[in-house]
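In what follows, chain A forms one complex with chain B and a second complex with chain C.
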Partner chain A sequence: MDKGLLAYLLIPLFAAVIIPFAARCRRKLADIIAAVTLLAGLANLAWLVLRPSVINGGFADIPGDGLSLLLVATIYLIGLCVTFFSAWFMDEELPNRPAYYSLILVSVAAMTGVVTTSDFFTLYVFIEVLAVTTFALITTDESAGGIEGALKYFFLTFPASALIIAGLAVLLLTLGSLSFENLRIFMASDIPSGPVTFGAALMLLGFLIKSGVVPFHAWTPDAYQGAYAPVSAHLAGIVTKISGVYAIVKLATLLRFFDGRAQGLSGMLMFLGMLSIAVGALAALRQKDFKRMLAFSSISQVGYIVLAAGLGTPLAIMGAVFHLVNHATFKTVLFLNSASLERSAGTTDMDKLGGLEHSMPWTSWTSVVALLSTAGVPPLSGFWSKLLIILALWESGFKTYAVLALLFSIVTLAYFMVMQRKVFFGLKTRAAENSPEVSAPLLAPVVLLSAVIVALGLLFPYFYTYVRVVTERIIL
Partner chain B sequence: MSTFATEWYLIAIIMFTGFYCMLVSRSIVRQLVGLEIVSKGAMLTLISAGALTNNLVMAQALLITMIVIEVVVVAAGLALLVKNFRVNGSADMWKLNGLKG
Partner chain C sequence: MTYHTLLFLFTAIFAVWAVMARKLLTSAIMLALVSVCVALIFFDFGAPWAGVFELSVCAGLITVLFVGAVSLVRTVEEKSPENRTRFQALPPALAIFAIAAWFYLPPFLDELAGWARPGTGGGTIGLALWDMRRPDLLGQVLMLAAGVFVIKSVFPRRTENK
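Take a look at the complex of A and B:
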């Protein structure tokens, strides 16, 4: 456990405990405590990283391995946006309102635990805590769709946890310990790695199920579509990325794919990544529901991260980490916009919507920014991460994968253009007649995240320095 | 046959039983029972690994934490199940097909 970042885990947990007591007499206090806790954490992190002296020093004196710090900042940013959005989105009368904010804070604490831990057992514990809070959050509005999504999530993530435990047992049997450092040292030596690789493969299988990569993606669209609207942004933006994809990237660096260890596993990961890019993009083309289309797009973008993690060279890991952060920002913008649409027009069915460009200009234009970034149009942030991934593939000689990744990036642009034309451009439909723009507090998080997308794209040289420091520290 | 082989042979049978139970039953309650059998099998792997590497103290500590987590998971799962029965009026997995693309 990284001691320097422990406070970012404990403070949200403490706030989550006091919220139900504080909200007993003044119900509004629940939103305020949650938002203030996350905002304070974010301000603290910004001070830690964005001081001019730290930037001029090339980020040399940041604590830990840098990756944890970056991901903690992302978790807090998305958590803050979701909390702020739900404070105005949620009905005042909803009985479990304080519990909702407590659960959001517990999930933020659990995610912080996942990214700061340094042994596999702690990782497993925090992932389990995250899963339990997540399916409680999915059923917030007690709709039939939410319960169905939560049940499917439940019945696929817990067998995955059993596989992770079996992998832990094999690692304990062969390595004698569960810390990341021991695995790294073992893989750096010349001992044949058969049984250890088998244990790692069992764990990878569990994490692949949890991140919804293609052969195991059955739960993803249902859970994202059925979930309570702001929760689906939280779930798609950050929760599944931390509970599944982060662990895959971490294992990929620990198994040292870049110097030729465990090649079979590396090849399998790359194949599954490519498969989910293809299947996710093609399935997204023919979806009728906005949220379901975003869910398939999410599967496709996770494919890019898994593909890069499977390759495992320093450049590819850099791309994977950067794409993880970018995916959190742009997918949250799109899901929050779908929640705004649900509030304003009453539906997310793309055939019933149309011509919302003039009545909802802010929602429309932030969607355009987010979708162009997803598709990888320069100079937005998504372009740089996809460029890094494709360059890394080309450089290592996987030219077919590089070309396919580039082609499916164009398919991404295609399905988002279809979405934008159906929902925002074109003629007004009956559902769109009386749907005004949502209020300013609901737009604020979306505009903030769009600004982050543009800023990450334009200030890429600074960010590149940071991500390079991260990669140098995690690949020793 | 060595201890290792016997233990892990039995564990494999237990896990297979659990997965089979999850695959063939339509009722959500039975699927939860199957899930529990699978995770009990997984826990046995850990305690067996600890015993075989003379690391039993650590394995026991890990296992007690896992049992605590398991209790929370079962409680949350049963709550979901009851809620599902109240909303949909059935506990049949195949009738959960409201979300489609």
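Take a look at the complex of A and C:
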């Protein structure tokens, strides 16, 4: 475990325990403690990475492999935005309000554990903690949709846990250890990898289910659509990316897909990634509910990361890591905007909405920034990550996959344009007549994340240097 | 061998009983007994720290949480008894699985054992917990905290809904 980052796990846990006691005196203290904890963590991370001396040195001084640090920062950023948004969105009298913030902080601690560990069993333990907290968070407002989503999440991701634990057993038996380093050394040797690859394949299957990749995506739309509105953003933005997608990227680097080891697994992963891109995008085109469309879009975007992880070359891994971070930012913006729509217009049914651009300009334009980035329009952050992935595919000779990835990026733009026209442009519908813009505190997190999307795109050379350092450290 | 077989048999019986039981309280107790048997298997296989965790967390703490939860939902359960006919399919399904496993599992495990490498585990409980698996201990603490907060999140709403 990366000991330098241990504080980022322990402090949220400590704050989570304090919240119920502090909230007894004053309920608002729960919001404040949660937000301040995450803001302080983020400020400290920014100090570690964004100092001029560190940037000038090409990020050579950053601790650990750099990937953990980047992902901890992303986790804290999304956690902070969701917490701040919830503080103004949540009903004051909700009886489980303090427990909600404790659960968010425990999930942040668990995600930090997932990205800082260097052992498969510890990874599994933290992923299970994440599953337990997510189950409770989805049902926060106890709506019928939330309970259905939570149950589907629980029952469909339970077999995933069983597969991961079976894979762990095979790996322990055949490798003698569960540390990442041992797997890396084993895969670099000439020993036939048969049963080790089999154990890794079982784990990969479990992580694919947890990521909601096609054909294991049955739980994703219901969980995202039914979840309590800010929790959808937390779930789609970061939780599923860390509990599934991160583990897939990590395994892809450890299994050394780039030098032809475990070629069957690599091919399977690329095929499922492409299938996910296609099915997610085509299904999103047909959706009438804003949140459900975002859920299918999420499935499609996760496909790009899985496709790149399956390819496994350094350029592809750079694209996968960058797209993972990008996906966290733009999907959180879109889901938080869907929560604002739900609050203001009372519905997320796109057939009932229309012409909201005039009454909700901030929500409309932050959505435009996020959707253009998702579709890969330059110079926003999503463009660069998709470019890296498509270039990596082309360079490695997978030209059909590269062309298809490009084509489905255009389909992504198409369904988002349809959404923007239906919801924000055009004539005002009856539901949109009395839908004022949400308050400034609810807009602050989406404006901040939109600024991050623009900044990551415009300052791409700096970010490219960072991601290159990360890739060199995790692959070589 | 007889001791192992008996433990496996008891584990299976208690597990089926936990699913088939009409009362939730019986299910919770049977689940605790499953954990006790599994802990004994762990001890016998030379994995004392896994046994200790199984005994303290699964048989101890989780049972306390289950019994607490059962006492809260008992009134609802008594008012609307559950239709249990679908559970009748479980024993035949288990029997089919057991017969299939009897033939296929031993040769599969034998083959896998050919690839086995010595584990890096061993030593005393203290050494294993504090030196080798310390992050897991942190994970367990996080899991306990998560369990408590889940209960604190779900129960106030239930009380209010009543």
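Note that in this section the second predicted complex is superposed on the first by the 476 of 476 C-alpha atoms of A that agree within 3 Å, B and C clash if a C-alpha of one lies under 4 Å from a C-alpha of the other, contacts with A are read in each partner's own complex, and residues count from 1 in each chain.
One rule holds in what follows: a residue touches a chain if its C-beta (ideal position, glycine included) is under 8 Å from a C-beta of that chain, and two chains touch if they have at least 3 such contacts.
Because the structure is predicted, anything quoted here is derived from the model rather than measured.
**Q** Have a look at where A:A144 lands relative to chain B and chain C in the superposition and call it first, second, both or neither.
**A** The first partner, chain B, only.
**Q** Is A:G273 touching anything from chain B or chain C once the two structures are fitted on A? First, second, both or neither.
**A** In the superposed model, A:G273 contacts neither chain B nor chain C.
**Q** Which partner does A:V125 contact after superposing on A: first (chain B), second (chain C), both, neither?
**A** both
**Q** Answer with first, second, both or neither: which of chain B and chain C does A:N96 touch in the superposed model?
**A** second
**Q** With the two structures laid over each other on chain A, which partner does A:P230 touch: chain B (first), chain C (second), both, or neither?
**A** Neither chain B nor chain C is touched by A:P230.
**Q** Between chain B (first) and chain C (second), which does A:L172 come into contact with in this model arrangement: first, second, both, or neither?
**A** both
**Q** Both chain B and chain C contact which residues of chain A?
**A** Shared contact residues on chain A (touching chain B in one complex, chain C in the other): 121, 125, 128-129, 132, 135-136, 139, 142, 170, 172-173, 176.
**Q** Spell out the residues on chain B that touch chain A in their complex, using ranges where they run on.
**A** Those residues of chain B that touch chain A are 15, 19, 22, 28, 31, 35, 38-39, 41-43, 45-46, 48-50, 52-53, 55, 59, 62, 65-66, 69, 72-73, 76-77, 80-81, 83-84, 87-88, 96, 98-99, 101.
**Q** Residue numbers of chain C touching chain A in their complex, please.
**A** Residues 112-113, 115-120, 133-136, 138-143, 145-147, 149-150, 152-154, 156-157, 159-161 of chain C touch chain A in their complex.
**Q** Per the contact definition, I'd like the list of chain A residues that touch chain C in the complex.
**A** Touching chain C from chain A are residues 1, 9, 13, 16-17, 20, 95-96, 98-100, 102-103, 106, 109-110, 113, 117, 119, 121-122, 125-126, 128-129, 132-133, 135-136, 139-140, 142, 170, 172-177, 194-195.
**Q** Which stretch or stretches of chain A touch chain B in the complex?
**A** Result: residues 121, 125, 128-129, 131-132, 135-136, 139, 142, 144-145, 147-152, 154-155, 158-159, 161-163, 165-166, 168-170, 172-173, 176, 221-222, 225-226, 283, 286-289, 292, 296 of chain A touch chain B.
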